[in-house]
Amino acid sequence: MRLLFLGDMVGRSGRTAVYERLPRLIADHHIDFAIVNGENAAGGFGVTETILTDTLDAGADVMTTGNHVWDQREALVFAERQERFLRPANYPDGTPGRGMGVFEARNGARVMVSNLMGRVFMSPDLDDPFVAAERQLDGGRLGRDFDCVVFDFHAEATSEKVCFAHFVDGRASLVVGTHTHTPTADHTIFDGGTGYISDVGMCGDYGHSLGMEKEEPLNRFLTKVPRGRFEAATGPATLCGVAVEISDRTGLCERIAPIRIGPRLEETMPSWW
Amino acid sequence: MRLLFLGDMVGRSGRTAVYERLPRLIADHHIDFAIVNGENAAGGFGVTETILTDTLDAGADVMTTGNHVWDQREALVFAERQERFLRPANYPDGTPGRGMGVFEARNGARVMVSNLMGRVFMSPDLDDPFVAAERQLDGGRLGRDFDCVVFDFHAEATSEKVCFAHFVDGRASLVVGTHTHTPTADHTIFDGGTGYISDVGMCGDYGHSLGMEKEEPLNRFLTKVPRGRFEAATGPATLCGVAVEISDRTGLCERIAPIRIGPRLEETMPSWW
Amino acid sequence: MRLLFLGDMVGRSGRTAVYERLPRLIADHHIDFAIVNGENAAGGFGVTETILTDTLDAGADVMTTGNHVWDQREALVFAERQERFLRPANYPDGTPGRGMGVFEARNGARVMVSNLMGRVFMSPDLDDPFVAAERQLDGGRLGRDFDCVVFDFHAEATSEKVCFAHFVDGRASLVVGTHTHTPTADHTIFDGGTGYISDVGMCGDYGHSLGMEKEEPLNRFLTKVPRGRFEAATGPATLCGVAVEISDRTGLCERIAPIRIGPRLEETMPSWW
Amino acid sequence: MRLLFLGDMVGRSGRTAVYERLPRLIADHHIDFAIVNGENAAGGFGVTETILTDTLDAGADVMTTGNHVWDQREALVFAERQERFLRPANYPDGTPGRGMGVFEARNGARVMVSNLMGRVFMSPDLDDPFVAAERQLDGGRLGRDFDCVVFDFHAEATSEKVCFAHFVDGRASLVVGTHTHTPTADHTIFDGGTGYISDVGMCGDYGHSLGMEKEEPLNRFLTKVPRGRFEAATGPATLCGVAVEISDRTGLCERIAPIRIGPRLEETMPSWW
């Protein structure tokens, strides 16, 4: 089966790019399952239910998130009823919403998607993502209970990301890093058969600072005196993600390639699409 | 002019790859100036004078470093006499060695190279890298005093890296991020003409964790009980870096492309080489 | 001479305690110079010009601050014209206001007061406080140019605080730690003659969490989902500070004792007052 | 009942003070139960089995620890067989040793002791200490199953410490903070009846930096170039701890007072001893 994962949509610019291009990508390239990380979709901070619905309407099967998940407080409510909306699974017990789900792909495959958050440099107060993943994997096995297992590992440190991928190597189809808003070029298939990329990057305006207008972030580095808020940049977005081909037999990754469409970055599409 | 920058050499595996391939790359592709980050060259931790000399013999014009610069304590001594060896410039006054230098390229160009270290998630106790860069740029201007200005910005956080690049945009030929050991795919030329990539990645074994054997890093994530030391992985290295074409007239970046040679990662070479 | 330093005033509760008690303390105990840290005076976040004026009217000679200094944005303006208002001196060049000043005490003594901020666990993006202090001390010598030198070292880590005090030992009359809002019991006079306490604590309501209502801080530890803002606690404050006796001849510290007046904590006053 | 808790023993200086004074304190003041934190007992780093045995011989009923627990690798072995040795309970499942225990006091009381570690500024990769405590408290109730419940909360941030104490207020006899090596003066009894102090301080030489020779820590702040190892200071130690009187009926705290014996700090003993 063929899966597409798009990184953090940032603001209106990112949303526009996803809404406009995702339906066509899915149709033209026979994508069986599409995941979009939406944690920065609402002006850079969180996601509204309207945005979630629009993203699903554009063809996404699941929206994952990360540390910004609750920035729009309505998410605390709709996370409960929207089954295709995931927040990091390693938030404490009692957190609204869910951190993983099993979904049916367009080809009938059973796809388990898990959203986890790293702790290094980031969120010391979360539960252990390795333990959380172990527990999730205890609940069902790739190639038997699931046809595809995807982890969105939302984290800052490359060491934590790559160690996590080794940890689930052979037990997951794909580990996708998100959060840094910077696409990496280390997509690979590990020895056990798990596809991996440290970060897929964002769907946003690459002419500024991680999708946000660069003036204020730069100002803070220079003066340490906040002058205003962080605001999403408004230039045209580049869509960044990763495409994988997953074995219908084993659920493991057979092919992985980045996808980048838009200005500023070097465009690329899977050669095998 | 044509410049090549190679990311953090890790251990014997990284050194072997650099020593074997760099001479040929320089000769075949008419590289005018080559920089190699060597902070992890000695078993993952620091660099010895022999390694420095061997790297220069292989064709490097300058070796930059980062937070691991003093891991081999002999560096505190040879940093003083080795003019082609740079440590981060924003260490405090009185630190041995130098953080920048001006060198003559094979084509006669005057190349200023500066090594800086970020502070976010990393080294709260360093001087401000933005202030340090400003001071360095006060000492001479690109296109007038220098034909090429390169910053190796050794840092963890993508926000700090990209904001730094915007800060010197138009005043530097190239800002290269190092330290995460993970190549990014966001190489670009900013509006002011400065080439940029968030991280060039490492020259090391990509089958483990950032060039180090994966067992111990993974063990620490899982058990929090150190079982041994971190050791450089011994599989074949992938050479990772970036190549740029710099205007002889303005000193600004005209072309930028990643270079990746070796197993595990998707290989790539500049299309214009 | 006799000096009194009061820790971070938190909210209305802290202000009320200071306004009501400081005049009497100064009069009854012949305080020659009084310093109050005001960074949390306005509802826990920053300080307004009215609060500054009221604090000076209550008898404070100088107000120091810390990381919350700019929370009330009017401080960016009045910091320029209010000479008795200090923000951390190791903010970058160009920051509004000043980080040190020389003031005349009621006994005619020339008192240098410096406000610095630590970096460990806190503010990686500040200038080196050790270097900043060295520069300040270069500008004048205790016992010759100044009759008293006081550092408010606003920091989280005890290691940084105590090392700083050793660094200026013999060159300052007093190093007072602030920021943790928790009074320490390690007041001492170092071998060189500098008085020291790791933290004087706050002037605030000790029945909650560092002077703020405990519900929201506790909620965040438990659920990781913000439910509301942090608000200053409204119970009666305990005044916390330190009193020192400084040699008129050498400017060094002859006596140091904590002062704690109010509910919740064990009250104490200098035995030699 | 009467309980004594002594803070982190540092090196030979700290050990000597404890071995010499603890037996006498217990005898003279009819201490029913004594706990000593030993994480820095072996030259500042960890604890050997000999040190553990000697400390128990001196009268300690339990030794707690913290982040330095495994610095001496033999602890990984003896932690399994030594029931009176505790390591932080919120290490991951499978960690050697235990994080809590129930012990019989000299007066026959059943004393539950738990050792936890904070995460803020410290150990992002530990399990949630609030959840761990909740689970421990589920196992038995103060005043019914236990006559006394003590938490050694080993942490850096005062906010985490005080919020934890509010969290267990009424369910524990005592929450003692350790790790900063700096005694605080905020000992109090919360509204629910739990005794609290943010940090008891260390048993070590207060003339240096947290019990370690000050030269190297200071050197690192000044030069960022390590010159040597951290070594325990050798001057005479000050014994720092806290004494509490616990209700035989409710198990709650009736009295709390610091104890400090030795040079450098102001000495103090419970007035009610």
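Order of writing sets the labels: A, B, C and D. Residues in every chain begin at 1.
Here is the rule we go by: a residue touches a chain if its C-beta (ideal position, glycine included) is under 8 Å from a C-beta of that chain, and two chains touch if they have at least 3 such contacts.
No experiment lies behind these values; they were computed from the predicted model shown.
Student: According to the touch definition, list the chains common to the neighbour sets of chain A and chain C.
Tutor: Of all the chains present, those in contact with both chain A and chain C are B, D.
Student: If more than half of the interface residue numbers appear on both sides, call it same; otherwise different. Which is it for chain B and chain C?
Tutor: Mostly same residues: over half of the interface numbers shared.
Student: Distance between chain A and chain B based on Cα centroids, please, to the nearest Å.
Tutor: It comes to 29 Å between the two C-alpha centres.
Student: Return the distance between the CA-based centres of chain B and chain D, expressed in whole Å.
Tutor: Roughly 45 Å separates the two chain centres.
Student: At which residue positions does chain A touch at least two other chains?
Tutor: Chain A, residues with two or more chain partners: 92, 121, 123, 125, 221-222.
Student: Going by the touch rule set out above, what shape does the chain contact graph take here: line, ring, star, complete or other?
Tutor: Drawn as a graph, the chains make a fully connected set, so complete.
Student: Could you pull out which chain A residues touch chain B in their complex?
Tutor: Spelled out, the residues of chain A in touch with chain B are 121, 130, 156-160, 162-164, 166-167, 180-188, 190-191, 198-199, 201, 206-210, 214, 217-218, 221-222, 257-258, 260, 264-266, 268.
Student: Show me the residue ranges of chain C that touch chain A in the complex, using the header's touch definition.
Tutor: Residues in contact with chain A: 70, 76, 91-92, 94-96, 123, 125-126, 220-226.
Student: Which residues, counting only chain B, touch chain C once they are in their complex?
Tutor: Touch residues, chain B against chain C: 92-93, 119-125, 127-128, 131.
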